[in-house]
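In the two assemblies presented below, chain A is common to both, partnered first by chain B and then by chain C.
Let's turn to the complex of A and B:
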């Protein structure tokens, strides 16, 4: 059945090639995308601009002094890393209240994100944005990253980072398009449902190993089309509908009389 | 059956006669290739084309094998497999489709009837077989030679023991269930990270953190085979909550440390590692059957098939600020088994 499925999808070579071309391009982009600005280069000017942006875009929920409320978290002490992640991936400002704050095209440009980060970081000490070296997948140990990923991340994000369902409409997102910096910041700050993996529990080097592992998965599988790496559901649909369909079609053709 | 029904059924039988007549084979329909020589020629060409496709596929497969070598990267392995697979698919499909098309369009398609023959052997064969059997019994003299008979039956009867004894014995060779009741945790044992084995300081864990924990053991112990079974029982999930979110019973107040709680990671349903922790709801989900435990409230079951709360590991800190266990779990970890409460 597996061999059949493999043979079947070879007939869709153009689709396969386009899919992988997209994956590879996405991977290269993610690896070489310019990393976010450093928080320690923030100036007073940045902080002031950031405050204006904050009042215009964030204060409705998080409060004029970022003090938060019963429903909305306080941003004092969340640090520049949390802002860079939430705003940089488009999760914040949130479009609508809901169980999940989904990633979407970022509303703020890089400068605005930097200014907002600088402002929030000025409210209280918190984790800062990692340096380019801290998130460089080339410097990470993929094997160690895989071991850490299996223990700490795979139960929600899937064994190769394809993402997965949580409860009540929440989900753990796919990690294939997340930039190394955002991966690092997510571990460091624990956005939304995700727990925090600070430097005490997962050292900076270990985080880089995890990033190296995640980036390595973007190359896809040596076996061919991975069908989203979602496991038995997508693979089962493929085998039962496409595979069995082809078998039944062949049987009907063999059995039918020639006209 | 009532008189009326009887009459009715008789009528139906009578109206259909005793037997259906055999309708015979439907009239033979000629194919295009039978009627039109041009169509036959076309079918021949189509089959020949499919065989040629197979030949090209085979040659391509050999060429591809030498031309595209997997160079060690995932992409190159995938490309090599993909090219080879497509070429072989053409090679095999070409033969199969060509042969079937040939058979369907060009070979004789006149219907032929092959009558079934009776299953029973002829009377002579049956009589001969019984005769041979009786002669054999008489020759062996089974009725008289009791020692021979007894020893043969005993030998045959005993032989299955060579399979059954090792099988049954290895299934149940260890009936000591007390080992399920204890884990590696003991008073003063440090909590270390999984897989690095680094001790954890209470001060390093921020609110909302999750740490996957194994007991502190030496490097050699961790390389041993026994470690796998021990680790499977001893894995713990450490979570730090805001102390005001934490609901604790009076007796367990001393089991946590400043909002840090530690629970067995082995599901009480069928023993999967429970590890999907939602930081905002404090819910801990089992990935296997979606049992959900509330970490803020004694890891009690809030959803799913699990019946018991996750066992809690009592923890505290040592002089250097590292987290240590106060004791082993106070109940067996993991799913239920018969002797669990004995």
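Let's turn to the complex of A and C:
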């Protein structure tokens, strides 16, 4: 203490005290300040981090400024929803070129996905990520969703969302595992071969109805095992395997049973 | 009490017998002998599925409303609540969800329909590959083919009844096929649907066909089919003591009554188990019919898949316009000509084979498939074409499940439809001939025993154990038919025979059938081989002559 007291008249003492005071005040502010700026909306820092991630993972194809090329689409104006869907379902970054980018375990974690979305959204106005309420299947009308699904979705995704084939190796994926948010974003942004269902085509409520119908289909089938919900072909396969299999087995048994 | 019961039964039986003389019939039937083999039960699976179809179908008619009148559905199916739909569709939902046991009955009915066709096809394969269609059973083969087509008709009319999107898609294809008929097509479509497709008449019309006409026809032809089985007596597999003039087996009563009766309950049980645990045709997934939507994976039941596949494989360019009139060969060829060819093959085959064999004898002993290589090859070629078409009908599911390009699959199957049967025919024929040669080898040289003997002069031989009588009988008792011999072009007086050219054509076909053949071992050959001394025991050829 003596040493400290001895130097209290040092000419740098005021500077040290001011620095210390600033540190304390800044620390207290940092601890108690409202943190809403970080929670939902993108901060400048997110955008900067997102840009770094973009340059490291996406720019090879989409260009350093996301301007795209002849083969790869420009990402200016695709919005946060498109990035959240593509990166969140693991479709992007693509591992290999093919007829279409398949869903795979996501390469980016949630924070990174958010940062990338923030960066791409900052490039130009586009559809944003829907709120939890917009995608809540509990709030949707299943019957209306079924009717919309039947006329707009079933021709590619199968009557209950089991998926189906498109031309040249492309396909409409099964919807069993897709989260409500990703379902909404897919309708909103029309990834890959899928058409866009913007709010003019299907309102936000109608999209929620579709989500309610799709989620309802995951509960299984009323009649027993759903056999993949693939329709008559899988039923035909099973009647040969289970039906004819069991009965030919029984016939062999009856024939072999000595009289 | 117990002592009086038999006399009461006897009294009742006597009462019946005096008035109907049913006793003789029962006595004859009870003693009727049936040969024992599991493959003879395949037809029974079809028969019993048909009985299950009648029972479950009767239940369904109690609740189904065959009407295309519009109604708004309110009920337990959330995804259909408040939807506008036909009475037919609404009553299907009601009988599935609000009638006790209704869904089980519907599912049992549909599984039984699929099983009915599967059993018919398997039974046909058994009859074809063993040559059971030969004289005197050609007519019964025709009745069987007719039953198969009636089964298709029953399936088609029933499939369309619930009036869901999927069945409506099927009807739309039917409409397209009808319209493709030249000149009268569009009139026929109006006639069938009672106006512009889909109209309001088709469901009641299909209902009448499905519950009255088709089952009545099936029932009467099944009766005729079974009557012929009784008249002709059952065929039997080749083996010791079995000839074309006897039947080796067990009497109908009690053995076959127990076996066949028990089998009915096995079939019923399996069907109820399937209906209870495996969902089939969930029409509420597809929704009420409306001509605009078509869902991915829209296919008919398996037995119609070959038609769907033939349509999917056909290139669209075949549609031609002549003087403003469209000739839709792109529909006519796959939907009429290809199934026409397939069915014609089935209908005429027994007669063609009889003609090229020049065989007018009765046959009650079955062929081993290897002993008639060309027939077996043709059967496998036919199945190959059928399977290629069925796979083509499911090409979208093949694409998604095997991660292949839909376009590539279509091209591969287009080529396979023509090349596949030829390759399958050739491979099958070669396998049959090889098996026949193996049989010859076995009869001549016996089983290998693994015992090596060295003679005094240093020669080694392996000892072979001769076949026993049963084994030999099976391998030597068959006819290796030869190609037809025909009369010369000019008769003895030098006059040209009119039918010579026709005979030549038949001879060519006959050569295709029988030019490559492996003759069964003759007793003299066996004697000769036994001189070599590699067979155990003494001369065994004596039995062959007996």
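Methods note: the second predicted complex is superposed on the first by the 216 of 259 C-alpha atoms of A that agree within 3 Å, B and C clash if a C-alpha of one lies under 4 Å from a C-alpha of the other, contacts with A are read in each partner's own complex, and residues count from 1 in each chain.
Heads up, the rule we're going with is that a contact is a pair of C-beta atoms (placed from the backbone, for glycine too) under 8 Å apart; a residue touches a chain by one contact, two chains touch by 3 or more.
On a predicted model such as this, the values are computed, not experimentally measured, just so you know.
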Tell me which of chain B and chain C touches more residues of chain A.
C
When the two structures are overlaid on chain A, which partner does A:94 contact: first (chain B), second (chain C), both, or neither?
neither
Does chain B (first) or chain C (second) touch A:229, or do both, or does neither?
second
Based on the superposed arrangement, let me know which partner A:142 touches: chain B (first), chain C (second), both, or neither?
second
Between chain B (first) and chain C (second), which, if any, makes contact with A:106: first, second, both or neither?
neither
Per the contact definition in the header, classify A:192: touching chain B only (first), chain C only (second), both, or neither.
first
First (chain B), second (chain C), both or neither: which does A:200 touch?
first
Using the touch definition from the top, say if A:24 reaches chain B (first), chain C (second), both or neither.
first
State whether A:219 touches chain B only (first), chain C only (second), both chains, or neither.
first
Have a look at where A:166 lands relative to chain B and chain C in the superposition and call it first, second, both or neither.
both
Would you mind listing the overlap between the chain B footprint and the chain C footprint on chain A?
147, 151, 155-156, 166-167, 221-224, 254, 257, 259
In their complex, what parts of chain A are in touch with chain B?
6-7, 10-11, 13, 16, 20, 24, 147-148, 151-152, 155-156, 166-167, 170, 190, 192-202, 206, 219-224, 253-254, 257-259
Once bound in the complex, which stretches of chain C touch chain A?
36-42, 44-45, 78-83, 96-97, 103, 107, 110-111, 114-115, 118-119, 122, 165-166, 250, 255, 259, 262-263, 266-267, 270-271, 274, 276-282, 284-287, 290, 292-303, 305, 393-397, 399-400, 403-408
Of all residues in chain B, which touch chain A in the complex?
29, 31-33, 73-75, 77-78, 81-82, 85-86, 89, 100, 104-105, 109, 193-196, 200-201, 203-212, 239, 273, 275-281, 283, 285, 287, 290, 292, 303
Which residues of chain A touch chain C once you look at their complex with the stated criterion?
99, 142-143, 145-147, 150-151, 154-160, 162-169, 171-172, 213, 216-217, 221-227, 229-240, 242-244, 246-248, 250-252, 254-257, 259
